[in-house]
Amino acid sequence: MLEALTWLLLALAALFFSAGTLGLLRLPDTLSRIHALTKADNLGLGLAALALLLHAESWAAAAQIGLIWLLALAASATSGYLIARRCLLESHGTPASTLGAPPPGAPPT
Amino acid sequence: MNATDLLLALALLLLAGSALLARSVQIASVLFIAFGLLLALVWVRLGAPDVALAEAAIGAGVAGALLMLAASEFESRRIGGSRAAGPRLPWPRPQGWRPRWALVLLALACAAVLLLAVLAIEPLAGAATEAVARNLPQSEIAHPVTAVLLSFRAYDTLLEIAVLLVAVVAVQAAPAPPQRALAHDPVLARVAAITVPLALLVALYLLWAGSSRSGGAFQAGAVLAGAVLLARFASLPLDPQSRLTRPPVLALGLALFILIGLVAGALAGAALGYPSGWVKPLVLAIEAALMVSIGATLVALFGGSKTA
Amino acid sequence: MSGVSIWLPTGSALVLFGLLGMLLASSILRKLLAFNVMGSGIFLLLLALRPPGPDGVADPVAQALIITGIVIAIAATALGVRLARRYFELSGHTELPEDRAATRDD
Amino acid sequence: MTEAMTEALLLPLLVLWPLAIGLGLYALPERASAALQVLGTLVLAGLIATVFATMLASPEPLRAALGGWAAPLGIELVADRLAQAMLLLTLLVYAAVLLYAQAYFAHGSEAAQRFWPLAWMLWAGLNAGYLSADLFNLYVALELVGLAAVGLTALTGQSTALAAALRYLLAALLASNLFLLAVVLLYAATGSLALDSIGAHLAAVGTTPWYAKLALALVLVSLALKTALAPLHFWLPAAHGNAVTPVSALLSALVLKVSLLIFLRLWLEFAPALDLAALGLLLALLGLLASVWGSVLALTQRKIKMLIAYSSVAQVGYLFLPFAWLLPGGLGAALALEATVLHLLAHALAKAAMFLAAGVLVLSAGRDDLVSLRGAVAREPLAFAALTLAGVSLIGLPPSLGFAAKWQMMQAALLADQWPWLLWLLGGTLLTAAYVFRVLRLAFLPTPEAFEARAPLPQRLSLCALALALLAALGGFGAAALSDWLAAETLLWPGSGA
C-alpha cells in the first residue's frame, strides 16, 4: 500500500516536472516560461517531497524534507518574480545590462 | 553498470558538450552550472559527499557565476544594451571555432590513449588509504576527509589557501570596471531577510559538522559568501562598508593557520602537528578562521575592492 | 566493480572536451570554462580509479585532493575572469590577439 | 630540545616564513613594509645558513615530515643539495631584486603596493617547489608559483601586459591540468603520492606498465610548457618582456627554473624504472632547436626587454640539452647533471642581472626600444658594465659560470662519444654572441640629446644588477668547488659513474 502510494506520487511528480520542462522549452515568451517552470516544478517537487515523507525515518528527517521544500518554494518564487520584473523593465526599454550588474555594495575601482 | 549511472553519465557529457558549444558564453555558463550540479550528484554516487558539497557550492556555483557575470558584462557593453540581432537558433550553433584539425586529431589521440591507460590501470588498495584508516584514531579527528585535509595533508591545504589569497591580491590589483547599483527591491529584501540568517546558520552547522561528518571550512565559507552576496543584492545592511573584504580579514585564516602550525607544531615536535589532546579545539579554530577568510575571499573575487 | 567503470570513459571524454575547448575556443571565458570541464574530468577519473570500499565511502585521500583541486581551480578561474574583464575594459576585446581571427565570438 | 625544534621547524619555515611576510605586507600598513622585508630576508638568510650548516655536519639530505606524519600518509620535505643550491640562488636573486625594486618603485608606480606581497608569496611557492617530495604537493606549489607569477605579470595594468598575463595564465592552466592528470594516473597505479615510494613501486614492478610512461610524458609536456621549451615557448616573450622590470627578473631567473628543477627530480626518480634514452634524445633535440630559434628571434627584436626575453627561450634550450646523457649507467651522467645545475645557476644570475640593467637603461632613456641603449657607457656606466658581464656569462666566455656549464656539457658529450653536439654548442655560442654584441655595440654610440635632460637615477639600481652580473661572470672560479659539493651527495642512481 505504502509502496504503491509512493510510486504514484513519484510518477505524478515526474509528470509535472516533464510538463514544466516542456513548457520551458516550448512556450513562446519569457513570462509564460516562468509560469510553467515555477508552477509545475513546485508542484512536482512537492509531490516528490511527499513521497519521501512517507519513508522518513524520524520526525526530524520529515521536518528537514518539509523545510527543503519550503526553501525551494521561496527560492523559485523569488527568482521567478525577479526574472519577470526584469522582463517587464526590459520591455519598457530599460537596458538589459542590469542582469549581470555586480552587487551594489561593491564600489568601483 | 546500472541505468541511473548511464543516464547520469550521458547527461553529464551532453551538458559539458553543449556548454562548450553554446551560442553565447552566458548560455554556456548556465549550462556549466547545471553541469556542476549534476557532477555533484555523481560525487554522491561515487561515495564522496564532501566533494559533492564542495563541487555544488564552489565548483558549479562560484565558477559559473563568475563566468556568467563577466559574459553578461561583455554582452551588455559590446552592443550597447540591446540584444544581438539575428535569428535565435533552437540548437546552439558553434561559433568562433577555427577547426585546426591537427590539434583536434592530437587531442583525440591523447584522449584515446588516456582511456586505454585508465582502463589498463589496476587500482591498488593503496598504501595511503590504508594508512589513513590505521592512523585515524591517532589523529583525534573523527571524519577521515577532515583528518586528511587538516592533519595528514594539512600542508597542501595551507598552500592552497595561499593560492586563494594570491588570486585575491592579484584580482584586487586589476580593478573591476565601474559597477551599476541594483535597484532596491522590496520582495527580494524580504526574502533575503529570512534566507540570509538561515544561510549563516547553515554555514556554522557545516563548520561544526566538519569534524565528524561531511562539511568543513570550504563548504561553510562558500555558503557564507553566498549569504553576504545575497545580502548585497537585496541591500541588506550586512557588511555595509565592505569590511569583510579588507586585507586583515582576507589574511586572517592563513595567518592563524601558520601561527598554530608553528606554535602548536613546536610543542608537538613537527610543524603543522597538534599536541595530543588539543586537536579538536585547534582544528576548530583554524577552520573557523578559514571559513571567514574563504567567505571573504569569494566575495572579494566577485568584485569587492580593497579600499571600500 | 563494473558500476564504477562507466566513469572512466566519461572522465576521459570530459578531459577530451576540455582539452579541445582550451585549444580551440577563441574567447578567454570559454577557455576558462573548458579548463574547468577538463579539471572535472580529471577529478572524475581520480575517484573512479579509487573505487569506494565495502562501506561505500570513497578514498578519503582522493576526496581531499579533489577538494583542494576544486579550490585551486576556482582561484585560477577568478583571476582569469578578472584579467579578462580588465582586458575587455581596456581593449574592447574578449579574445587574445592571436585568437582574434575571422569570426567573432562573445 | 632546541635541536629537535630546529629539525622539526627548519624546513617548513623556509616556506611558511616568506608566506607570513607576504601576508604581513598585504594586511599591515605600508609604513611597516621596508622593516618587515629586511627582517624577512635576514631571517630567511639565517634559515638557509642553518640548512647548509646542518648539511655540512652530515652528508644525508635533511628531511621533515609535516605534522609528524611520515610519507606516504603525510607530506615530507627534503632538502638535498639540489634544493639547497636553489634556495641559495633564490635568496641571492631576491635580495638583489628587492633592493632594486625599492628604488625602482620610488619612481612613481602604483604597482608597488601589490608587488611586495605577491613577490613574497611567490618566494614561498618557489621554496615549496624546491623542497617538496610529494607529487600532489608539487602541483599545489606549482599553482602557487604560477598564479603569483601571472598576478605579477599583470601589475602594470596595461593592455599588452594583461594580454600577456592571460596568455601566460591559460598556458599555465593547461600545463597544470596535464600535470594533475599525471598525478592521478600515478596515484591510481601505485597508491601513493610520495615521490620515492612511487619510484620504488615502479622499479619493483619489473616490467613497468606503459601508463607510467604516459604519466611521465604528461609531466614532461606540462613542465616543458611551464619552462617554455620550444615549441611551447609562445607565452614567454610577451610575459617577460611586458612585465615591470623587477618582475621580469624574477620570472626569468627563478620561475622558469622551479619547473625545470621539478622535472629534473622526477626524471631522476623515474629513470631507473623506465627506459628514457629516446625521450632524453628528443629533449636534447628540442633544446637545440630552442637555442637556435630563440637566438635568431632575439636578433630580430626591436625592444630591449623583448630581446632579453627571447634570449631566455634560447637559454632554456641549453638546460634540456644534458638530458640526452642523464641516463642510468650512461657515461657522463654525473657531468650532465652538473652541467644542468651550473647552467641553471648561470642563466638565473645573468638573466636577472640583464633585466635589471636593461631596466635602468630604459628608465634613464625614457623609452624601451634598442635606441635607449645609445650612449649607455657614458650615461649609466655601472648598468652597462652589468649588461656586459652578464653577456659574457650568457655567451659562455671564461671565467664565467656560463663557461663552466658549457664546458661540463662538452665533456659529457665527449664522454658519451657524441661529439657532433659540440658543433651545435659552438654554433649556438656564436648566435648568442651575435645578439649580445648587437646590444653592446649601441652602448658606445653617442647619447641622443633627448636623453640628456633626465634626472640621474639612484646608483643602487645599477649596483644591484652589477652584483648579480659579477656573480655570474666570476662564478666560473667557484664552479669546480660547486661541482664537488654537488657530487658529494649521491643525487644520481647507484652504479652510474662519471
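Every chain is named by a letter (A, B, C and D) in the order it is written, and numbering of its residues begins at 1.
As a working rule, a residue touches a chain if its C-beta (ideal position, glycine included) is under 8 Å from a C-beta of that chain, and two chains touch if they have at least 3 such contacts.
Source: prediction; values computed, not measured.
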item: Dominant chain pairing [most C-beta pairs in contact]; value: B-C
item: Geometric centre distance via CA averages, chain D-chain B, whole Å; value: 32
item: Distance between the centres, which are taken as Cα means, of chain D and chain A, whole angstrom; value: 54
item: Approximate Å spacing (C-alpha centroids) for the pair chain A, chain C; value: 28
item: Whole-Å gap separating chain B and chain C, where each centre is the average of the chain's CA atoms; value: 13
item: In chain C, residues with contacts to at least two other chains; value: 15, 18, 32, 45, 49-50, 61-62, 65, 68, 72, 75-76, 79, 83-84, 86
item: Residue list for chain D, restricted to those that touch at least two other chains; value: 136, 140, 143, 147, 150-151, 154, 157, 162, 181, 187-188, 193
item: Every chain pair meeting the contact rule; value: A-B, B-C, B-D, C-D
item: Residue ranges of chain C in contact with chain D within the complex; value: 15, 18, 22, 28, 31-32, 35, 38-39, 42, 45-46, 49-50, 61-62, 65, 68-69, 72, 75-76, 79-80, 83-84, 86-87, 90-91, 96-98
item: Partner chain B, residues of chain A touching it in the complex; value: 71, 74-75, 78, 81-82, 85, 95-109
item: List of chain C residues in touch with chain B within their complex; value: 2-21, 23-27, 29-30, 32-34, 36-37, 40, 43-45, 47-52, 56-68, 70-79, 81-86, 88-89, 92, 94-95, 101-106
item: Partner chain A, residues of chain B touching it in the complex; value: 68-73, 75-77, 81-83, 175-183, 185, 187-188, 191, 194-195, 198, 229, 232-233, 235, 239-240, 242, 302-305, 307-308
item: Residues of chain D touching chain C in the complex; value: 136, 140, 143, 147, 150-151, 154, 157-159, 162-163, 165-167, 169-170, 173-174, 176-177, 180-181, 184, 187-188, 193
